[in-house]
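Starting off with a structure, shown below.
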Amino acid sequence: MPVSLRKLIRLLLGLAIAAVVWEGAVLLFGIRPYYLPRLSTILLAMAATPRAYVDGFLRTLAETLIGFASGGAFGVLMGVAFFRLRALREMVFPIFVVSQTIPVIAFGALVVLWFGNTLLAKAIIAFYLTFFPVTVNTLLGLETVDPKQVDLMRSFGASNRQLLLRLQLPTALPQIFVALRLAASLSLVGAIVGEWFGDTTGLGVLLLQAMFTENVVAIWAALLAAALLGTGFYAVVAAVERRLVFWSAEQ
Amino acid sequence: PAAELQKASLRLKWLPQAQFAGFYVAAAKGYYKAEGIDLTINPGGPNLLTENLVATGADTFGLSGGTDSVFAARDKGLPIVCIGVSHQITPFIFVARKDGPVKTIQDFKGKTVTTWFTGANHVLTGMLAKEGIKPDELKIQPQQVSVTPFVDGSVDVVTATYYNEFYTIQSRMPKDSLKTFVAEDYGITFPRDTLIVAEATAKEKPELVKAFLRASLKGWKDAFSDPKGAVDTVMAVAPTLDRAQQEFMLTEVKRLMTAGAAGKNGLFWIDADAVKTAHDFFLKYGVISKPVDLAAAYDASFIQSIPAADRLP
Amino acid sequence: MQAARLPNPGPTTEAPQARPEPLLYLGALNKTFGPVAALSGLQASVGPGEFVTVVGPSGCGKSTLFNIVAGLEEPDAGGILRFEGKSCHAADLLGRVSFMPQRDLLFPWRNVVDNAILALEVEGMPRDQARAKALKMLPEFGLAGFEKQYPNQLSGGMRQRVALMRTFLFERDLMLLDEPFGALDALTRAMMQRWLLDVWQKYRRTILFITHDVDEAIFLGDRVLVMTARPGSVKLEQVVDLPRPRRPEIVTSPEFVRLKRTLLDAIEEESMKSFQSSIAQEKPQ
Amino acid sequence: MQAARLPNPGPTTEAPQARPEPLLYLGALNKTFGPVAALSGLQASVGPGEFVTVVGPSGCGKSTLFNIVAGLEEPDAGGILRFEGKSCHAADLLGRVSFMPQRDLLFPWRNVVDNAILALEVEGMPRDQARAKALKMLPEFGLAGFEKQYPNQLSGGMRQRVALMRTFLFERDLMLLDEPFGALDALTRAMMQRWLLDVWQKYRRTILFITHDVDEAIFLGDRVLVMTARPGSVKLEQVVDLPRPRRPEIVTSPEFVRLKRTLLDAIEEESMKSFQSSIAQEKPQ
Amino acid sequence: MSRALASPSLAVQRGILGAFILVACWEGAARGLHLPAYVLPAVSDILAGLWSKRATLTDAAGYTLLEALVGYGLGCLIGIGLAVAIALVPALRTAILPLATAINSVPVVGYSPLILLWFGIGVSSKIVMVAMAVSFTILLSMLAGLDRVDRRAIDLMRSFGASRFGVLWRLRLPTALPLLLAGMRVSTVRSVIVAIVTEMLGAHGGLGWVIYQAVLQIDFVQVWAAIFVASAASLAFFGLIGFLERKILFWT
């Protein structure tokens, strides 16, 4: 489609301008490299050890995807369960809230203890950060269904399941996707933090490595890679949203 | 034959870097396999307590924080034993600017000093105590990841390890513009980077422990004799590291590991006197709540069982 | 199920109460929403195969009545509700009457065909089959060629026709239509009316039909119920004893005009009441 | 601003083109939505103070026409649009005509009064003042006592009356009403019609009025525009030369019946077309 | 839909019941399986620890809550401000959204060297981090809410001559409120946790600081005690916003 092509060109143009501004600003204002290194230096550093970045990228991507998928699915599921079972919601929802106040980072040892040094452990942290917003938004979305539409479906003799699948979930979909977009970013954050619990590959490892050796170029390289992954993933989720939630794309 | 290999893991205190070169060299050269151990090296991370992981059995061996963390772990009832000490002298130094207001440790008073609360703070407290200074006479702040505040002059004294931060500082400021304060000059020694195992392992699998120590020692000796090759081995695991920095680190680590009693007794020697001094100090300052049974906490028998020739660097 | 039905008894002049077994019987129905009494002591019955139209002032409780008969709201305690000869709760009627609500309530994520087959899907008919069935009906509703459009691309009348089609595809003995032709132009409306009568006579469905158009009420109905102002009850049950099939010309016949006069008078009286009560309620501000 | 207006010229029999200066002139308007041509070559003009009603088959483009005149959609390039004698873009008309859309579009978070004063608030009138103004009008719209209700507590007809009131409070020379009385019962409708004529005559507002009810179109209008089937254009401009004020009885007068016949014939022809084209478009499935 | 109907006391009772079951299981597991404190301390021990350290913990909680609340407020303002800016000037969308996403793809801790560098180790760096995390959530929620509006309703407002701002104020903001408030509710918890995590990287005080030091001293009872305090504070914060939400969104 020419529209998407035009968008792509605009995007590339925007990136190119940003790159030039970055490079130019560093050179022009003589910014000290440990505040902000030149973009070209960073890219060269990445090119020097491409495998490390590619491997890290893929590994983090895998963790992110698993965490996102499971967190998203669990979040929607719990949203639906809470919507249906008021008592369950009142009993468990506060615990969900509380669970979100536990800083995983303080329990690295426990995570390793329970889930080992596996990809799974990282995915679980991504999951942990992801599911909560999805649950909240699913619940909210389900609650905004027009009662008159519910009445209509019920007058057709619709079962609760049909009501859910044909009316409530579609109505909630726009809201769910808001949370999923947020979750796309959060699951990556979770994966990266998860990699800080003793791992050898991943963007989180590269970031940590660079942070503590104060290798500013490597910090920026890891940040760029993470930003690329995050923005790309977000864009994919947003694209899926545009396809699935076409009717509310009124703008 | 792989079937007879015994599975084990070593938890480092941090990510792969030349600080742990010997272990990586030993693994790469198959020294652990030769001893019948299928060893996995697990890196550490922030807030990842090696003592905790070893105590719970998640890892077999651990390179933990130091004598201070071993005391703390024992104090809290974690069933771990130290089987070797890597850095024989304090790896921390305190750095000030030569042209700045801090000329002697007395000048610390009223100045901004940043330090890590992961052990280095005790070194500082100890040094100050020897000079009769109370910690609340200076502005001690938690030190952040970057040394930039010091380089920029917003901090008067910064804590550094010889092998990492000191390198960064020197790369940003001329070496001769710096004034350093070394713990040993004030009669303080906090050996760090302790090798630990669970009590159960020490009791039930002494052969495994010894085999591990033997292989590790070989690896370290190789690393010291061929630093370039050792850095290659480390960088194969962590390719984004800065080579110059790693070479510097290995040099410094060698100095720390071969200092003091190690010169006479070899690598990973447990210097009972240094341990005792540190223990008494921690007890005095309330870092640990009650005296620790040092004999149970520090078991030198494993390292001593290895022929001195194999231990000496 | 339509096969099992008795032949339509056709319009009669006898009072509906005399019928042996009404399909739907409502007695002493009340419904209040907080302080607002929407229905009060409503009594009515609908025979099988009958076409009953309902008129009444705006806000008198017609839609509320439909909601009860569709099973969506329970009347206040004490009311009597009988369907197919058995006393029942409103909720028992869910899925047993086909109901077209006053607002079209189309789902924005479904195109015309998929909105139309909603009820069929709920019944469990495979999608393809349901779609094929719906596609055949599109021209009858003047929607051919629009099957792939989404609701926001339709005109008001088209939306209403889609909602109507959705109701028709849900084949039940009792149909409740709440102003189904409100947004249609005169001719489309006339065509739909004729078509509705055809369907009704062919399949013998029972129809309850709300409208604001008295002509329409007389033209279509076997009986016209005129409701009182809020709180609604039945003010007048007017049997329409015009022969069927009815031709459009019938609206000018003296009998039709006479009926219209009677009904208009009754409605006017009630509408005036509802306006007066409105004015009486006005608070000095 | 109403004070500055000329007195209403009143209904005349002369062709509207002959008027010296139409308030609104539309020429050769086209509007397409993707593959659907909604309007094609539409030409019309509305004189100041005139009451023009629009009828036409469902989906022929009436609401589209209103959207253009309200300034919400630009017609396709090439069309002519003149307002108050000046050529302009559709967007220039935003805020200069008062528009009542086909769906009520009440805001669920505003109660009856606050929905009604929406346009006044947009204009910058202080809330209290606007509310006071609206409260005075409530009884006229049969909404007294309901000022604190929220839209989900209102019947369909009540919602429509709130929307109508909102439009009336937005006082502009040109009013566009898209089926304003669609969901009202016969009497309320008749009352609102009479009231609308009163307002129109008192304030000399120009009104464009879409309806599906030919009686209503004739009863209210100075002129009736009959639109063709989609793509819509004006098929017939029928001047209604009935004297004003018009009494309800007028609907039975021979002149009225004659006009109605003419209009119905025209609409019927177009409606048939739109159904036929629908059928022609049907794809074999 | 039925939110308004359920009696709040019943909800509270059920909440307490849920908490009680959880605590019972926890206590049972810790005591029954003789779990050492460094794996999972018993609730009773944690509560005892909490009581004995109450002064320290109260101070720390105050410190953390201050950071969280100020950061939260700031984050809400920024998020709402950006969303509103995008709504008013749609061209900004392509500029702001990808940038915000990119920034948020990196864990806040990733920025800690920079943020600590720029804002120091005190309260302000925590506030900045919290504001960053919160503003993104708010931005996304608010934007989705603003976009959700019925186009016909916008048209109606435009026909009244409403400016972009008028449409925003009278139509789009009320439409966006439910989603905005949901975002704000989710963010309460995140604001506290980001404050804590940032404190763990370097601070003068606060619950994160307490946790960090307790972890080093292998004092897991104190870690959990601090987390209990943080949870209670977050829950209260969450409940407060939920309460406001129900008050504001009366029409849903």
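Assorted remarks:
Read from first to last, the chains carry the letters A, B, C, D and E; within each, the first residue is number 1.
Everything below uses one rule, namely that a contact is a pair of C-beta atoms (placed from the backbone, for glycine too) under 8 Å apart; a residue touches a chain by one contact, two chains touch by 3 or more.
All of these numbers come straight from a predicted model, not from anything done at the bench.
With steps allowed only between chains in touch, the distance from subunit A over to subunit E comes to 1. Comparing chain pairs A-B and A-C by the number of C-beta pairs in contact, the larger count belongs to A-B.
The most distant chain from subunit D, with centres taken as the mean of CA atoms, is B. Seen from the C-alpha centroid of subunit C, the farthest chain centroid is that of B. One inter-chain figure worth recording: subunit D and subunit E are separated by 50 Å, centre to centre, where each centre is the mean of the chain's CA atoms.
Subunit A and subunit D have CA centres that are 50 Å apart.
Centres computed as Cα averages put subunit B at a distance of 38 Å from subunit E. Residue positions 105-106, 109, 113, 147, 211, 214, 248, 250 of subunit A each touch two or more of the other chains.
Across the assembly, subunit E contributes residues 38-39, 112-113, 117, 150-151, 200, 212, 215, 252 that each touch 2 or more other chains. In subunit C, the positions touching at least two other chains are 103, 152.
Contact between chains, as defined at the top, is found for A-B, A-C, A-E, B-E, C-D, D-E.
Those residues of subunit E that touch subunit D in the shared complex are 150, 152-153, 155-162, 166, 170-171, 174, 177, 250-252.
Across the complex, subunit E meets subunit B through its residues 36-39, 112-113, 116-117, 121, 200-204, 209, 212-213, 215-219. Those residues of subunit A lying in contact with subunit C across their complex are 146, 148-149, 151-158, 162, 166-167, 170, 173, 245-248, 250.
Partner subunit C is touched in their complex by these residues of subunit D: 33, 36, 55-59, 62-63, 102-103, 132, 135, 138-139, 142-146, 153-158, 161, 178-179, 182-189, 191, 212-214, 264, 267-268, 270-272, 274-275, 277-283, 285. By the touch criterion stated above, subunit B contacts subunit E in their complex at residues 47, 49, 51-52, 55-56, 69, 72-73, 75-78, 117-118, 141-146, 148-149, 287.
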